[in-house]
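Each of the two complexes below includes chain A, the first together with chain B, the second together with chain C.
Up next, the complex of A and B:
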């Protein structure tokens, strides 16, 4: 019973943290899916969102969870601006140029933050930080529950946007065939600007949402970037649904591993999963599943 | 009025593919450009739709200079381009593919009405409306590509090898459907290697060889020409 309880608690924690992993990663896969650009600065945009939320919440005395939508909107504008000025000129450039541009942007953001704010660890205070909810004998930290709730809401909104709106469908059309979309009057540059803006909006909003349970410092992006890439590669590059499922999977694996491993090694299994994903399944686990289902429909 | 192309020079990088081409598609016309693979037919359509940048000459549609427009603004003039190889969106449903064709149509009622017309023309697409377009057969995908272009209610529809990869029966069907579209007042500019089919349905035709127009006339005249019969019709 005791072990079962531990495992159940661990899986539950993993699902909560995993949904946050999905939220921080989904923008990366959206940008890749639409634009074929790997945004190596994605972790640093998370950091920007965290700092934005930190300063907004301390300045106005507001909870980061309330500020999160505003941070997301600001993130959208920042992302759109970055796309127009930095990404658009290199959209057709060789991959090496794209890598250098986004890696360089990440370095500038992280070091810029360090230069401006100092290399300090900062955190916010919220009234619910020590609170837990109990359900079926399991306990959930309030901060994680709120963050996970945000992740679920954002996933639903993103799915509605991409599957139900004219603009979202046009964005998917552009992702699947840029040239054909252009022939229908869809402006790919506009789609790219919005896609990058949305990707950055999602991750900056996530930065605001995780602030109640974590510290922010200029180089925190590096801590999250491994998880982001594991989630995106495992889910199949460019697959939104894949990233959401992979986020949950990574969260649960990481959480379960703490039952066996000391918690400072919790990223080790994530590394191993990432390695396996890269070596064995180049299209991502879920793209395999998806392809299989397509084949089934045909036959 | 209609489409007027004068001394068009176009190509890729430093390689010129089209050498001073001139041709016209009048309002309500049905024009075919025939020629061997590599003659420059696809480059011609791409130059009109702006996906290949012309280097000289002019392309004017109903008084609008097409060369001054980025590719995504050409359809605003109600020019639709069905590209070579269909280029459908494989992971969108048939319905969503068709609706993507109406991206520029802001009037919801018009979109619904045109969709009904496209479904009348291609009943098969209505049956498959919820299916992912990538899972359709080649013939059905061609219907999606043509139907998607029609969603704009174009004044001019350009088609690049619509018969490519289709069984003979489907080729006939496709051309009959196209004749219906033309009958409703849409101008057609068709590019085809399948000379027999093209000369059967088009009113006029141009023969293209190595980036130049070498012959033109009514389809009837060209069908009767000794050269055409030998080189393209295999008679």
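Up next, the complex of A and C:
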């Protein structure tokens, strides 16, 4: 019974953290889906969001959870600016150029933060940091619950945007077939700018949301890179629904692994999942599973 | 047919002068500090040339080559520091381990097109950092391993001055550059070129992309592992942050990009320019400003991609073509 309780608690924690993983990764997969570019600076944009929230919190006493939407809007503008200046010229360049450019962007962001804030671990204080909720004999840290709630709200808003608005539909059309979308009068450049801005907005907002339970320092993006890539690859590059499910899966796996492994090693099983996902994709297993499920739906 | 020289004797003369300039460097650079920097130029130049075999020739960007470098480096310090064995035995061990990792990462990712290779290699880095930090029995954990001071000589790779080590590093650089030149002009080099220029067409032309990329990756990993082994011997110390640092990956990519990824001498040229510059910058910039040197690296990468993707080698070849009317 005790073990069962441990496992249940661990799965619940994993779902909470996993929804945050989905939130930090969904922008990466959105950018890839629309623009066919892997943004290697995505972890650094998370860091920018965290520092933005840290600055707002220490300078103006604002709670990171309240300031998060503003951080997201600022992130959108930053992302749109970056897209116009750096990404737009290389959108048709070879993949290697895109990798190098976004890696270079990440270096600039991380070291820019290091030059301004120094190479220190920083954190914010919020009144709810010690609070926990209890439900069915399980306990949840308030900071994680609020972050997960944000993730759910953002997922719903993103789904509404992509499925119900004209602009969102145009963006999906661009993702599916750039040429056909252009023939129908959709300006792909505008879609790229908005998609990149939206991707950055989501991850900077996420940075603000996770700040109450974690530390921030200029090179923290590196720590999240593995998780982001695992989520995006496992969910299928470019699939938003896939990324959300994969985020939850990765969170649960990581959380369950702490029952067996020291918590410092919790990224090791994540990497193993990542590697297995790669092997499965290269063997065509995942696409076969997907095709099979499509057939099931039809019948 | 590419790169017919203007005349063969001239080219051989140029190579001889360059070799003499390299091997006589300790004579005209009198401070041992400069020689130490030259050792770094040779080791990282060799490693970057190794990266370029897959990253530049085939345009398959690896962001995890530090892993091969770190494996080689740890092999040396574990052999010398913990086991009391010769560093010369560590070099083949490092090669074997690096090649195994390379096969494991290449096998699934090279069957896929697109971004998977870059993603997978980047994910490799934090994993090896974790392993090196928590497998304390093997690696000494986050404290690292130091090699005790041994009698100096070729068998221990420890010397009283940096000059003998420089000659070893220079020999490595020359050998690696010969390998890079040979690959460039071999059938494999042509296949990699085809993959870089047009993957679909290369398959139509009968290139087995998977095999060509795997061959290049294995060679690349082996070269970088040897450079790492010598780096471990040179520092006589290794810890997870030194072995598996993101900066090493970055440097390997940057040297190749600056020098010119399409040229077998490009990465070495990049290292020769950027390492002394980096040493100078890090001596001038301290505290928070130290980050500015790195920031400049990022800016340089983006500027290169946007305006001069072929690097200094590209500029040089344009000038060469104007002057001689022939392609470099």
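Note that in this section the second predicted complex is superposed on the first by the 283 of 299 C-alpha atoms of A that agree within 3 Å, B and C clash if a C-alpha of one lies under 4 Å from a C-alpha of the other, contacts with A are read in each partner's own complex, and residues count from 1 in each chain.
Heads up, the rule we're going with is that contacts are C-beta pairs under 8 Å (C-beta built on N, C-alpha and C of every residue); 3 or more make two chains touch, one makes a residue touch a chain.
Here the structure is a predicted model, which means the values were calculated and not measured.
In the superposition on chain A, A:223 makes contact with chain C only, while chain B stays out of contact range.
Touched residues of chain A were counted for both chain B and chain C, and C has more of them. Applying the stated contact rule after C-alpha superposition, one finds that A:279 touches chain C and leaves chain B untouched. Once the two complexes are overlaid on the shared chain, A:264 sits against chain C while remaining clear of chain B.
Touch criterion met: A:186 reaches chain B, while chain C stays clear of it.
No residue of chain A contacts both chain B in one complex and chain C in the other. Across the complex, chain C is touched by residues 32, 38, 40, 86, 89-90, 93-97, 99-101, 103-108, 110-112, 114-116, 118-119, 218-219, 222-223, 225-226, 229-230, 233, 237, 262, 264-265, 267-268, 271, 274-275, 278-279, 281-283 of chain A. Remark: chain A residues 166, 169-170, 172-173, 176-177, 179-188, 294, 297-298 touch chain B in the complex. Across the interface of their complex, chain A is touched by residues 49, 51, 70-76, 80-81, 83, 87-92, 96-97, 99-101, 103-104, 132, 134-135, 148, 152 of chain B. The touching residues of chain C, when paired with chain A in their complex, are 55, 59-61, 63, 107-109, 111-112, 114-116, 118-120, 122-123, 126-127, 130-131, 133-134, 196, 246, 250, 253, 257, 287-292, 294-295, 297-302, 304-306, 309.
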